[in-house]
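Shown next, in structure tokens, is the structure this report addresses.
Letters A, B and C mark the chains in the order given here, with residues in each chain numbered from 1 onward.
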């Protein structure tokens, strides 16, 4: 009985390995067995470090399978905050980044860690909050006024606090009105992605700054309303950056460049422009490749 | 409660549409945690036997380490493994980061102390003379180990269940070293986390129920084997005759408690 | 040399203490050597050394005259050990008996045949499909014996195999073991604290006290003629009195002890000796009664203590020195003895065993 059970267990594990390989969308022996060193030298794998906003919006769930199917690369999409994505890439632990934190990106390029920074798309940030709007953000004319109103009313504000592009912009807005919210009772930091942060704000009836895409994707689950939008200061611009092969010779430079060239291609840009229209009634992103840099 | 029920129905429906994904995620969870458990079984039994039978300097320290390891925060283990496997890390050349292999490693590191601790404790609880008797029968060291492990097969099964449970319910380390990448390294726990962070409670709950169902099935299988062993032992004992203490093997003594 | 198993200069230490010190010990091929001794004397340690289950700090064990070191596993597969506890594995009785054989690569058919035969021999064949949980102590120990004999070992070692069993079970098993040993003529080392067992089963008896063999020889010699006071006390000689030899002649000695003159048949040449008497050899009679028989030693004595056991009465007396007698309950009642009563103790000259004073710690007789 014992021996039979042992054989059955081993047989099951072997069956699982085969099933795990077969069940994946990609080519054989990718998911289940994991990458072997030899393969990454070939067409192989590409580590794309990007932000949680991009992933939570669902755009990558559309783009990445298209890229993989067309080029044969296996893309390992790691969604972390922009800050971490850039840090990871600077260590050589990623091949290409797709982020939306302009100041940090410029620092990365200046430091020589990234090259060929290319504009991909933009959307905007919005200030969302509870329906009853205790701080009267709805009435603010400018973003500066809106931030001052929230601080003045000491209304609950939920920050991502995670070094992401969204967080970087939020901190920039506070700085612009000379307010330091850190440590104040009404200011809370989740340390998590946009989706999770919207949840928290929703549960606690607080204000937060979100990118439009993530908000729209989650709107059905939220009671939060859009209270302020449209200010140029709230532009959210995405760039793709290739990791510098001179700093990190063992990155997949061919794959990184392939991704960069692909995502700015006209037909892909069209896909980006159309994303979300069917489900949410409006596009989540605006395709910008080839256009002049938007003024932040 | 209504909300939960609605969310659940939504979730099941949504998941049913992507049933290809859910199926492969579930299989992958089983595969990763299954292999990790087997690895930790091999390592854990060996280490447990050494701990139980050999006196060496620092044995107490190792025992403390093992007991600590059982409750060690998995996310810290994940961090350490990630740092080792990153391209910028010492083992970067292996390109194992963000693969299921890395997840298997992390889960094996998490489960091994559990199995080691169980094995050491149950082997140490055997009558010390039993080991001598087995040697006297003519066993080599390996044969002795094999025979004594059979003596503690019931606690070992419990260890197996504990180890597998620890591996498959773990999320922090698995996401950190695996990257939670769709179609490649996403397992049930990571998928639940993702759906939750997107606000999709329905699918998150549904996935949670699938994970629970998986764990219950696996444990039911092991428990069935365990009970089967014990029942056979009882059936072969003669009714109405009380055994006296001198005849008890320790496995039997365990059962009688 | 014909010794099957030998120890030479074996010293075993626990910490700094030497718990076993054997300059030389031989177990002859085909004999049963019984080792007796008080608790903590090192009997089990000795057995584990001979069974090659432990290694000595110094010295070596020889098997068929050649050192055992380096080939312990191969040699263990030619021996068998039975411990005080049955130590059966959690599997059927039949599988237990077969386990040792499969470890020794004995084929399936032969295994089954031997298992059947020996289980039947020890009257436990009907339990072949039971598990250890279901067995009584005696039954389990029988299985352990069957398991050992089924291996057809060249050497059989038993460590107090019956001390955990009740008296009737023990008696039955001793007889069955004796019969099996007689049939197979296996070289056997039996460690026991039961003197009767040792006398019944042993061709020779070795007395182990404080980690050293004090005396080794035939049972009659060891129990009747202990080599020194400690051995004497251990083997049940309860009367030990220092005495001076005052006359010699015709193979008889006259000694003086506490004012009495004692006569002993002995060839001891020393001037002083210990007079040793087994309690069974001392008779009691009422003062003034005419004593029949050839007891040459008659001493008036006063009863100091009485211990009644099942069939006997053990009577401690004071006759100037401490004297212990063991008489039947019937005699005891007939004499109507009480503490403080006066009586006459008598014993034959041949019952007296003399240990010369100044003898060395170990003696090997015959």
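Observations, loosely collected:
Note that a residue touches a chain if its C-beta (ideal position, glycine included) is under 8 Å from a C-beta of that chain, and two chains touch if they have at least 3 such contacts.
Quick caveat, the model's predicted, so the values are computed rather than measured.
Relative to the centroid of every protein C-alpha atom shown, the closest chain centre, again from C-alpha atoms, is found for B. Centroid analysis (C-alpha atoms only) places A farthest from chain C.
Chain centres here are Cα means. That of chain A falls 86 Å from that of chain C.
Between chain B and chain C the centroid-to-centroid distance comes to 54 Å (mean Cα coordinates, whole Å).
Centres computed as Cα averages put chain A at a distance of 34 Å from chain B.
Across the assembly, chain B contributes residues 150 that each touch 2 or more other chains. By the touch criterion stated above, chain B contacts chain C in their complex at residues 127, 129-130, 132-140, 143, 147, 150-151, 233, 236-238, 241, 243-244, 246-249, 251-252, 255-256.
Taken in their complex, chain C has these residues touching chain B: 48, 51, 53, 73, 76-77, 79-81, 83, 85-92, 99-100, 103-104, 129-137, 139-141, 147, 151, 164-165. Partner chain A is touched in their complex by these residues of chain B: 20, 23-24, 27-28, 30-31, 34-35, 38, 86-88, 92-102, 150, 153, 179-185, 196-201, 225, 228. Only residues 1-2, 5, 12-13, 16-17, 19-20, 23-26, 30-37, 40, 45, 47, 52, 56, 61, 64-65, 74, 76-79, 91-93, 192-193, 195-196, 198-199, 217-218, 221-222, 248, 250-251 of chain A touch chain B when the two sit together in their complex.
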